[in-house]
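The two complexes that follow have chain A in common; it is paired with chain B in the first and with chain C in the second.
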Partner chain A sequence: MSNLYDTIIIGAGHNGLVCANYLAKSGRKVLVLEANEGVGGAAITREFAPEYSVSACAHLLHLLNPKIVSDLALNSHGLKMAAKGLTTLSLSTDGEHLTLDRDSVSGKALLQSDKKVYRDFQNKMRRFARILRKTFMTRPPRLVHKNRKDLMTLASLGLSVRLMGRDDMRELLRIGAINIYDVLQEDFQNEHLKAALGFDAVLGSNLGPRSPNSVLSYLYRLSGQVGENDSAVSQPAGGMGSVTEALKKSAEAAGVEIRTGVAVSRILLDVDKVVGVETSTGENLKSAEVVSNADPKTTFFKLVGARNLETGFSRRVDNIRMQGKAAKLHLALDALPEFTGVSSDQLGNRMIIAPSLTYLEQAFDHSKYGEFSNAPALEITIPSVHDQSLVPAGKHVLSAVVQYAPYDLRTGWESQAEVFKQIAIDKIEEYAPGIKDLISASELLTPVDIESEFKIHGGHWHHGEYTLDQFMMLRPVPGAAQYSTPLSGLFLCGAGSHPGGGVMGLAGKNASAEIINGGKN
Partner chain B sequence: MSVREADKRVLRTPFYSRASELCQTNLWSPWKAYTTVDCYSYVEEEYFAIRNATGVFDLTPMIKYRISGPDGLAYLDKLMTRKMSKLTPGRVMYSAWCNDLGHVLDDGTVFHLEENLWRLCSAERHMDWLQATALGFDVEIEDETDDVVGLAVQGPTSCQTLKAMNLSCVENLKPFQHMSFDFEGTKLMVSRTGFTGDLGYELWVPSEYAEKLWDTLFEAGKAFGILPIGSHALDIVRIEAGFIQAEVDFVPALNVVRAGRGRSPFELGLDWLVHFDKPVFNGRRALLKEKEEGSRYRFVRLDIEGNKPASDSFIYNSKKDIVGHITSATWSPSAKKNIALGSVEMPWGRLGDELYAEIYYNRELKWNRLMARCHVVEGAFFDPPRRRETPPLDY
Partner chain C sequence: MKKYDAIVIGAGHNGLTNAAYLAKSGMDVLVVEKNPWIGGASVSRSLHEGWTYSNCSYVCSLFRPEIYRDLELARHGLQVIPYEGGLTFMQDGDYFGNYSDHERHHRELARHSKRDANAYDRFSADVSRQTRLIRPFLMRTPPDPTSFKPADVMELVHMLKTYWDLGEDILYDTMRFWTMSVGDFLDEYFESDVIKAHMAGSGIIGTALGIYSPGTAYVLLHHYMGDVDGSIGSWGFARGGMGSIAKALAGSFQSFGGEIMTDAGVDKILVKNGETKGVVLENGDEHYADIVVSNLDPKRTFLKIMDENDLPPDVVKKAKNFKIRGSSGKLNISLDGMPTFRGIEKGHELLKADFHFIDSMERMERAYDDWKNGTWSKDPYVDTLIPTQVDPTMAPPGKHMMTVFVQYCPPKVNGEEWTDELRDEFGQTVINQIAEYSPDFKDLILHAEIRTPRELENEVGLTEGNIFQGELTMDQLLFNRPFPGYAQYRGPVKGMYMSGSGTHPGGGVMGAPGVNSAREILSDLSRKNVTPEAFSDE
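And now, the complex of A and B:
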């Protein structure tokens, strides 16, 4: 019997949808199977209280690749921004917040010298981020094969590193090997400012400011704000779900068939060759090409099974570090809250609570020992300021990432989620006195909830920690870093692959290019 | 200050009291955690005990793993290159196992002891690898090296010796089968296995029964020329049988530091142990590729002209290019040949290839060099029919 589909994609996260679209454009008949009732994965908008909707996981768009937006005509498929170029306010209980923009920072307590240091620092880090970003547009090179394409990638990377000039190159190597705490300590005086920058280095990760790899993680975030991505942080109209809705429409227009509410329970194999998938409803769907948008541990252990992998490889997959530490808090508010010192027209920006690097490090310390932070750091947005479609007229919704909430909480989350939710709300109350009285409904998603709702192992933001040992040709593991895997016909296209997580789309796009190329060198 | 026996860096095996009494040379060498006898009396005497009577060798240091659980067989199939489905209770299988590169980690034997219970005997320790391979299988793995002792009882009168121990029907054991007997209140397992290429058995008991086993065995073997043998005599017989040894004829892949020094089963003459008609096993992809694209090396058994052992020699082709080296060499008293095992680069080592071993030997501090012609041979150098006969004929 011939196969009905050339390619089956497991998961309709944004990367799965991007990949499906390009594959359909290459002439393939593509089926996408999504376990959840809707598409989008961790990039969705959903109701969490009657008539209150919110971006359930990712809430700020800052990495989405412009080439994908134009290739897939997302704007004509309904993608609109409610707000663009959001600035960051680093809050202070005394109302003396800092305002961080691309090139400038302001705040009452800042000295002229702080502002200059900030500008120089941003310029330097952007130069480095630009180099990092260059590697994002193609598959990571294989180091052991003498392949022309890989050598070109390496050569171009080498060239851009060379073109940086000696001082920059030395500086990149130097700071790459230390941590964001030490780097910020060298250049900056103001504790509050240091923390605002350090926060971006640890957001979504299992790192504290003093952890190795925090510089890489900072550059990764910045890579969304260089080159043609300059517009930086945006808020999609209708929440993050509108990005994936547009991706869905575009994919369907390209001929992709999408079935939601159908989970893949197993990838079907003929020894080590993919022949199709088995769904949770017991249906067997044949296909010689299967692409997984699920994270690598889910893909290899749940869907393929460790038994079907050689030991060296499965041990590497087993060792992938992907413990989520970010929780998500949603508040339904009867009115626009007041944040001390923040005017109401500033409330639509990105607000963070990170008073000092020590505060961040201490918040992180708890999580190392399986405890949540009793003074967490937060990234807060009030999307309803720009977008009333999310709420009943005149009401508001607050969406916040709260760190650190370790996936493997020692006591288990069952009895503790409510406690941590109150801690997070109390923390916000310190900065927005009176907000508690406005709350009509609330929701906290711990990494365990994120794992079960979004089917991401460990509930990890990036489908795998973003660190040098899980980076580029080591991402997710050698042997699967070029989107193909040891099982012929099986490919990866999710955030666990190069370049990594965030609503970016490049993992999906790069994977499609590899698949179209036959998964060969 | 005295050191407690148990704290010594190299331990005595539970047979030490008996072995040391009989060891005239007092020459011992470490083998894994234990000290074992190199030679009790004369290597030649021990050699001829194996080939003409019964030689007994202490196997205690051999690494032993106990594998249990309902997924044991599937687990072994993933671990091993050989198809293990024929391994039923009462049977033993020899196999090799590889890493993902298709390089041999070790070779050894698996005993299917009873339903859901196996024993793996290997040269090297592999707990880490065995555990990693267990991912996704319902199996449990324990190291039982120190809990179980073994004696290899090898040679043409070995069966008669065992019969004299009143092990009824032991003569019906076929090669690679095992059975158990009541012995002094414990279970004595006897397997028809060995490292000598001859008729022979291996006897296994819990370590606290070691001395009892030794005494009973030697008493029974008196009439059949039984002698304890050391590792030097064993080395000669295993080369005659054409058997490879880890760390001698190949570097176990987990010990390899320099890229490319590992060897695949094809490169060690173990093609017959690689079965592709089974589920995924470690090394499968790499070995399939190697089968398609060709191997880098060939394992050779060489019959070398002259009588000077070619230990460590380089191997040359007719153009005098170095194409390989000898890994094991000895004079074979039974084959009356100068024999060796070696590794040569492809395509060399075909039957009929003109190869030479560069042999250096010393006559009263005068060194001589010899280029000895080597003939590639197939199979063992010594392979008596009694090795397979069941029941074995009395000798």
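And now, the complex of A and C:
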């Protein structure tokens, strides 16, 4: 029987759709299967209370690769920004917030020296982020294995590091593998400012500011602010779902077939070769190539099955650290809330609650022992300020990331989700007195909810911690870091692969290039 | 005043090693030491009549065998007695024993977890592979990766090639190992909490990080890469205490004509026209030499005994930012007899090794949280030994000496300086923990010396009492140690060198920084290299 499709992609998250787009453009007949009723994966907009919609998982866009936007003509497929270049306000209960922009920071309590240090620090970190970003655009090189393209990638990476000049190179080699806390202590004075920077280094991760690797995760975040992509933080009109809607339209225009509400129950193998997938309804769909946008543990253990993997490889997959520590809070509000010291025209910005590095570190400490933070750190947005399409006229919606909420809560989440939601709301109330009276509906997604709704094992945004031992050629695991896997015809294209998540789209794009090349160079 | 060829500041083991090699090459060398005794942190002291304490460092493994043989330290009286095994007491009355006999160890592991017993061989093979990899680099000068000098480029290529030659899979494992936390690393092999806790201790000793802080797997390696008589990973006692190492080194140094001056603290390194000229002692005496080697830690070297005006501003800044955080304490205890321990019979061979009272990873991590929050661990990780069971020279017959290393103990308590009351309270915390497992322990105590980072700093001169002269984190290892650009033992002033543990490959009574710095000095002076080559393990 001849195959109806060349390629089947499991999961219509943004990376799956990006990959589908490029593969279809290469002339393949592509089918995308999505278990949920709509496309989008973790980049969706959905209603959480009657008439109130919100970006249910990821809520700000700052890493989406501009090459993908133009290659796939996402703007002509309906992608529009409701707001661009959002400023960050680091809130304070006394109203003395800090305002952080790309190159400048302001705030009453700041010393002139801190402002200068901030500018120099951001410039330096952006120079380092540029190196990181360079690695994002291509498949991670395989070491030792003598592949010309990989050797070129390594040589070019080595060259860019050398070309930074001696001081920068030394500084990068010094701080690249350590924690943001120590780095910030070196130059900055103001505790509030240190915390605002430290917060960005730990957002979405299983790290505290004193955990080594937090410099890397800070650079990861900054990589969205270098090169042609310096618009920093944006909010798509219609929420994050509009990014994936545009990707879907673009894919369909390229001839991709997308079937939603169809879960894949397993990947079909002929010994060590992929021959298609079986859906939960028992339907067998044949194809020579299967690309999984699911996380690596789901892909290898649930869909392939450990018994079809070599022991060493399977052990590596088992060891991937991917337990989420961030929860998501959604509030339906009857009116625009008032945050102490924040004017109403500033409310559309990104607001964070992170008063000091010690506060962050202590919030993190609880999570090490399977407890949630009793004084959490938050990233808050009120997307309805820029985008009334999300809410009934005059009403508002608040969307916040709340950290830390460990996936493996010792008591289990069932009885505790409500408690943690109240803690988060109480924390916001400290900064926005009276907001509680405006809440007409609320929802908290714990990592366990994120796991079940978005089908991410462990509920981790990045499908795996973003740390040096799970970075580049080690991501998600050696043997599958170049998007191909030990099973012939099976590829990965999700955030678990290089360069990771954050609605960047590059994992999908790089994977498609690898598939089109057939691994040859 | 007499002019020497070289002056070495600080008679710690690295200073003495460095001085011995310079003297061996025929140079006229003076070692100046602030204390009335020599040894720095490898010292034996009699603080209670009849007892000898290794009151700082207390066990020996990392000391480079190349030096031991080359300087004929055995002839100068150094004898290392290996001890075997290890023991962790559990809260439920059981214990986990670490036996050196493979079969017996397997049975003990299996008693706690069959799966872990099976994983152990894989674990040992993986760790010893990393150990074998790093050992040859201990006695080599780190290359400067930013330099285009042939020597640096060649060394860098040599280093990369060593790793490249591992093959793809092992190279990836190695990259992961270097960047992981000891907790995550152990989680990949073992399920039993006590087994993990027993092994994780090596990842945090002397380190201001927790077991789940990435980078601590390397610290574990730092404690596994030594050997006693070629038995890699083994530890031993220096007979007569750790001071015997310093004594033997001093004997060797003096046999080459070297001179040691004690009670001679250095006030300043003399610098004229960008070149070192000698030292000024605290008593005002000046001694001259064109080569001045500081064995002090980088902060003391650059911020205390050098004039800021003699240094480039970047060095001053780097020295200020150098991480040398105090995180350990120590108790040295004179005992009226051998204490008994709950759950293990008297005279059990495991009591001759190091024992611990923390049986879970969570307790270890919480011990770190206390330190982060500014106080000593209320349930600390302790590394306890009673060396008098195998070395009777350290206490009167029938009596014992106990050495208790404590992780974590902060340099200040909640931001305030230590007081004697707080110090005693810290000591009580440790004593109480041990007493929970040893009912007669408290009654046997005749004398206890309690050391916090304050005592260690005041006595030895290690800033904040950091036992490694600077943390072993990625920003301070290899070509970053002590600072990028100054990792080849040369200071920023002509004629000035560093030989302490603050340089590659770090502390642990290794002697390697002392040798490596001597080799660089001899090379700069175009003298014949008299330092030994690194041994190959093959």
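Everything that follows uses one rule, which is that the second predicted complex is superposed on the first by the 519 of 521 C-alpha atoms of A that agree within 3 Å, B and C clash if a C-alpha of one lies under 4 Å from a C-alpha of the other, contacts with A are read in each partner's own complex, and residues count from 1 in each chain.
As a working rule, a residue touches a chain if its C-beta (ideal position, glycine included) is under 8 Å from a C-beta of that chain, and two chains touch if they have at least 3 such contacts.
Source: prediction; values computed, not measured.
Residue contacts after overlaying the shared chain place A:A254 against neither chain B nor chain C.
Between chain B and chain C, C contacts the larger number of chain A residues. Of the two partner chains placed around the shared chain by superposition, neither chain B nor chain C is touched by A:A73. In the superposition on chain A, A:E361 makes contact with chain C only, while chain B stays out of contact range. In the superposed model, A:S314 lies in contact with chain B only, and not with chain C. When the two complexes are superposed on chain A, the residues of chain A that touch both chain B and chain C are 312, 315.
The touching residues of chain C, counted against chain A in their complex, run 145-146, 164, 166-169, 171-172, 175-176, 179-180, 184, 187-188, 209, 212-215, 321, 323, 362, 365-366, 369, 372-373, 473-475, 479-480, 484-485.
Those residues of chain B that touch chain A in the complex are listed here as 74, 78-79, 99-101, 129, 132-133, 135-137, 279-285.
Considering their complex, residues 271-272, 301, 305-315, 318, 479, 486 of chain A touch chain B. Those residues of chain A lying in contact with chain C across their complex are 142-145, 162, 166, 169-171, 173-179, 182, 186, 210-213, 312, 315, 319, 321, 361-362, 365, 368-369, 467-469, 473-474, 478.
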